[in-house]
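What follows is a set of structures to go through.
The same chain A turns up in both complexes below, where it pairs with chain B and then with chain C.
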Partner chain A sequence: FQDQAEQFFRSGHTNNWAVLVCTSRFWFNYRHVANTLSVYRSVKRLGIPDSHIVLMLADDMACNPRNPKPATVFSHKNMELNVYGDDVEVDYRSYEVTVENFLRVLTGRIPPSTPRSKRLLSDDRSNILIYMTGHGGNGFLKFQDSEEITNVELADAFEQMWQKRRYNELLFIIDTCQGASMYERFYSPNIMALASSQVGEDSLSHQPDLGIGVHLMDRYTFYVLEFLEEIHPASQTNMNDLFQVCPKSLCVSTPGHRTDLFQRDPQNVLITDFFGSVRKVEITTETVSLDRDLAGFEREFPEDELATEPLKYAEQLPVAQIIHQKPKQKDWHPPGGFILGLWALIIMVFFKTYGIKHMKHVF
Partner chain B sequence: QVRLVVPIAVAFSPGSVPGDLPRPLPFRDAQEMEITVNLRTSVTSHYKMVYRGTTAQEEAALAAATAREADAALRLLQDASIGSLTMYVVPETSSLLPQGISVYVGKHRSALVRAGGSLAALQARLQQVTQLMSFTATSMAAALSDRVPDGQLSPDARRYLKSSLGFEITFSLLNPDPKSHAVDWDIEGAVNCYVKPVLDKLSLVANFSVDSQILYYAVLGVTPRYDKESSSFLLSTHSLPHVINPVEARLGSSAASLYPVLNFLLYVPERSHSPLYIQDKDGAPVSTNAFHSPRWGGIMVYNVEASASPQASLPLHVDVDMARVMEVFLAQLRLVFGLSREELPAEFLLENPGNEGLADWELDHLLWAHTVENIATVSTTLTSLAQLLDKIGNIVIKDDVASEVYRAVASVQSAVAKLGQGHLHSAFQASKEAVTSSERAFFDPSLLHLLYFPDDQKFAIYIPLFLPMAVPILLSLAKIVRETRQRKKEPTKMD
Partner chain C sequence: VVEGLALLDLGVSPYSGAIFHETPLIIYLFHFLIEYAELVFMITDVLTAVALYLAIQDFNRVVFKKQKLLIELDKYAPDVAELIQTPMEMHYIPLKVALFYLLNPYTVMSCVAKSTCAINNSVIAFFVLATIKGSAFLSAVFLALATYQSLYPLTLFAPALLYLLQRQFIPIKLKSKSFWLYTMQYASLYLCSLVVIICLSFFLLNSWDFIPSVYGFILSVPDLTPNIGLFWYFFAEMFEHFSLFFVCVFQINVFFYTIPLAIKLKEHPVFFMFVQIAIISIFKSYPTVGDIALYMAFLPVWSHLYRFLRNIFILSCVLIFCSFLFPVLWHLWIYAGSANSNFYYAITLTFNIGQILLISDYFYAFLRREYYLTHGLHLTRQDGTEAMLVLK
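Now for the complex of A and B:
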């Protein structure tokens, strides 16, 4: 039994988490949403429950007015597979997908009012899969056309996670243009990274669908998903096979990977260590012997409630106070030294250059 | 570098005093042992022993018929503060301990040890007992598992349940076949009778909240195999890991609180798959019909006795025998907390803790591990917080973050001091406060480094804005200065 236990414990993790991020919005970025949702489906199929998946999507595809098939997101042409379905649980949607929220999820510095489904509650025995897709460049990733996250920030966030032991091992997959630049700066241990293209290369999309009118998937993710279709929860396929997915002939770009920070040999890392959730179990051989007579079987009947005051609706909104409230006086601060100095300089130069005689025209 | 002091009293009953005592009774002695976890972390255990003779009352208690009665009587005479131990040495020929047993460990904090002839042999045995009842090198390594170099981790370490301020325990009844079985379980009564005493005892360690639910049409993800010889269905060991996932999605665990959740599931197999047994690696059915997963909880399969007549009206009414179920669940709860009684030397006899679920010294075991773990966590957290603040110099630290950090530092210092004095309870409370404060400081939402711009980014934004504007101003300034200098020179020239 000992060596079977050893096999169960080979990877050292006891639970799995996944953070799937789609950083684009708008209809022409349909393929990024389809990418993320397809990875979400695979990860759910292999066992990770929704409570352990943090899904960040702009989620404006399924109900977009331009979608000829509303409430669906297809990942294969001829509309074969609807990855949106009716049980997708998006944790951060639309404008909530920001760099700040993403970093808050990773580092755990979340305001206390955040609901549990929006938190990454991993511990030191969690394996985390992080998948990001969208538009990127050399050293940055664009979030929703308005902000960027740099590779330095991402590496720092991972370091913060490591300091607090928020992961056991981390697999980072990125499918954007010049994706390899995002993992260049990682320096925390136990991270393995895969990217769809090297620096200077663009990641290309797979196939357009003439019925929907946009490209449905990116090449790299398409082939990764074909690979994952063959994985089932008990399979023994390892990471080296994942590195071979999508060679240059199929993908046009050159996928890259980084394993120098990872302790174990990729040969020994199972795909299901990150994409699935296989629990380590042990047979229970002990029992506690309970003395049935000793346990006081008097079931205490709850006493009838003492008469309490009739319940009232609490005064939640002091409406009267709000209506009659005067606007709060903003405290006036004198202008700071910099502004004063700047204006003094400008005025002095003006009058010195053009002469004092102009002053009477001003006043 | 933490020093753990364990106060131990060794009382020699008449006839058991070894011949080679260095000094006459009573005398004090101390033993130190260093447990090195890694290059910079080590735990020193300091056993403060007081050797004395037994008092008249203790001798009267030791004259009882069985070890259990002696233990119960002795309990009233000890000062059983948390963390301390008392050993009573009985003569070699004493009949208090059964044949072949040389150590009896009671339910509380005392043990009866058979004298072994020489002092050295006795001390070796005493050390074994003390380590069992307080902490060992492996338990310390498990508590400090994130500092142990990878590759040296024992499976025990991966089973270790990290200390937390509270735990949520959920009991779930899974009924995949409500058409055939109408299952009734008196979970409230069972929790009040059997679980509450255990949780009350464990309340020193953490807060516990208990809830329960019944899930219908929840199936296991694995199809059991039919075995002709025993005409039953079997689940083999290697299919067990795949059982938990499909169920977990439906458990709704962790909706209620932020504490870690421990799930205990009772599965009543479908009529078409009854009876269902779990096979261990040898192929034999497991006696408890249950398995557990570290840091998660446990599952037990409850087989309904097949009714005699096949024409019995469905659904069959099933009244679950809660005592049998709770015996397994409480054992799984103990195992999840790391209190196993498996690997013991043959000559040790451990008293059954009964309905309380765990002995006092097992509680101490947990407290030692958790206190050390808390202290290590606080020091790691505060160090990494300091490193973060060094790296990003212009993060604004709010007042309450600063006060939490000060409180954490004060609490951890007091915890280390109390451990050095042997007061385990107050050390544990101080370490819990330290962890709460340090976590609150580290995870404060305002410390996100994204919100603070480094100086080079500030320059990069403001220079393109102000430089074009500054060029004519600077040039004009230069012109003014030149003119003033010229005018100053002219009067002298005009003279």
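Now for the complex of A and C:
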């Protein structure tokens, strides 16, 4: 029975989350919004529901006054694929996409008034996909044209997530210039990272659409989208194939990846482990009775783990000791020679001024 | 001081941080008295007032003696009877001086703030007392203490010397041997006591690093926290290249007035002392209102100059208004953020101009009275028309 149950948990995760972030605003950064929306589309198509996706778009391209085709965001030229349909749910929009909000989403330190759709409610059995795109540099990613997130901050946020058991495994994809610098500083386990370009290289955009007037997608994400369009929820394609996406001939920049923090072999990691929400369902025709075996699973707590005496809250600090403390002894005292010299001088001055006759009154 | 003592308790030299700039004798004093700090400052203020009271009492006697001498020698013009000071009007002056010091809002403020300026004031007051009593030794000792505390009372050496020479009836001629002998004696007393005090403070901490912290700090003005003086704004906006030059210029400004004033006021050393204390408290690198309180305490001594003061109403208005505007503009600048440092600097400027004009007004009035005393109240020019006395 235990072997049967173990087969369920081969990959270690039970739920999937996705955090998709586009960090740039203004019309000419159309392609970043299109990047994010195309990953959103793939992820939703492969099974992750909107309640498990946190989509952050820094600007509104679909209803931008400069969009000649309102309510659409295209990812292929000639308007072949509209990634902005009727069912796109943007959780953080426009000015809500800030470094602070992003880090709060990741670490879970959100004010109590935040609605559920804006929270990353992952647990220690969640596989999270984090996709970020925008303008970046060596070690930073620009948010909203006014602030930056550094690779150190990101690494620390992931460490906080690890320590709070907020993920089982994490796939981090970044499509910016010098994107590899963003994953250089990660130090938490179970993170796999992909970037569209190495340090010192720029990520280039794919193709402009002359009708809309801007570049529609970035190269790396375009080819990732094409790759993902081939994936369906049951496909067994693994991560090594994703690493081959967009070679230098197509992408001009060299995509990079980092797997040293990841415990499983990328060969064994399915694409759908991160991009899809594949439920392990096995249909069985026999009933399994659980009553009798459960008793054997109960364990007793070892004795020494229980506290011997309940600690009262009030006794944790020795308040009585603190408030009645005498002023502490001063450690420094003037040297004896100084005191002697000073008072000798004072007495000498006194007698010189007032005459020696006062000596007998003093002594 | 609390910071310095805390650092000492941790075993570190108190001068290693940039906050503590007091002399080692203050460390010694407050090592035992830090818990009673309020009481200490109240007692120092009372001591200052008592010292000033006794000093001015003695000074009045000296003034009378001198006046009597000059009347008998017929040095005064015939119609100056109303200018001569009488015992009746001078009876309450020492009390007024003590009250002026104690009740001055500036004194109260510096006592509440527990500023060590109170200790400086007390030492200077004792120095004045010792000088007027005529004891060269004590006066040298207190002057050395005052110089040791803050560097500027060095300039008070000249008026003290002049007063003591006068008291010993030694004429102030450059060729006179007794003049040089006495000067050498007094200077050597002063320098020896200064050296002794500095060496003694070396033995407190077994290190010389109090010298750059105390004297280097006063002279090179590294800390530009706004105060009521003039240094901070200049040096905040000055280029580094010129800061040494301007520091020298500003410091020379304090010491510069000693020689000319000594030449002009050699007959009146106590007035010279008053003007010198005022100049120190205006031009020193980190003035406080306690310094102002000290020289204002002397004003009743020259209340007989009232009829010769020309701008006293405007000046007192300026000083009072500026004193009220200081906290207002500080609040606006620092807390409300709707003003900037220029506002506060303007008030500093105005306040210092008011003080300088006050001093120069008293100076003018004093000299005018002296002139009238020797030349008569109704001045006429050579052709008989009425003349006006101006200070050039």
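Quick notes on this one:
Basically, the second predicted complex is superposed on the first by the 271 of 363 C-alpha atoms of A that agree within 3 Å, B and C clash if a C-alpha of one lies under 4 Å from a C-alpha of the other, contacts with A are read in each partner's own complex, and residues count from 1 in each chain.
As a convention for this text, contacts are C-beta pairs under 8 Å (C-beta built on N, C-alpha and C of every residue); 3 or more make two chains touch, one makes a residue touch a chain.
Not measured: the values here are computed from a predicted model.
Look at A:P335: by the touch rule set out above, it reaches chain C but stays clear of chain B. Counting the residues of chain A touched by each of chain B and chain C gives the higher count for B. After overlaying the two complexes on the shared chain, residue contacts for A:S51 are found with chain B alone; chain C is out of touch. Comparing the two complexes, residues 345, 349, 352-353 of chain A contact chain B in one case and chain C in the other. By the touch rule above, chain C contacts chain A in their complex via residues 5, 8-11, 25, 27-28, 31, 35, 135, 137-138, 141, 196, 200, 203-204, 206. Listed in rising order, the residues of chain B touching chain A in the complex are 145-146, 150, 153, 155, 158, 162, 188-189, 192-194, 237-238, 240-246, 248-249, 253-255, 258, 278, 280-281, 286-288, 290-296, 298, 300, 323, 326-328, 330-332, 334-335, 340-342, 352-355, 357, 380-381, 384, 387-388, 442-451, 473, 476-477, 479-480. The residues of chain A lying in touch with chain C in their complex are 327, 330-335, 337-339, 341-342, 345, 349, 352-353. Chain contact summary for the complex, chain A toward chain B: residues 1, 4-6, 8-9, 12, 14-15, 47-51, 99-100, 103-104, 107-111, 116, 121, 123-125, 153, 156, 160, 163-165, 233-234, 263, 277-292, 294-297, 299-300, 345-346, 349, 352-353.
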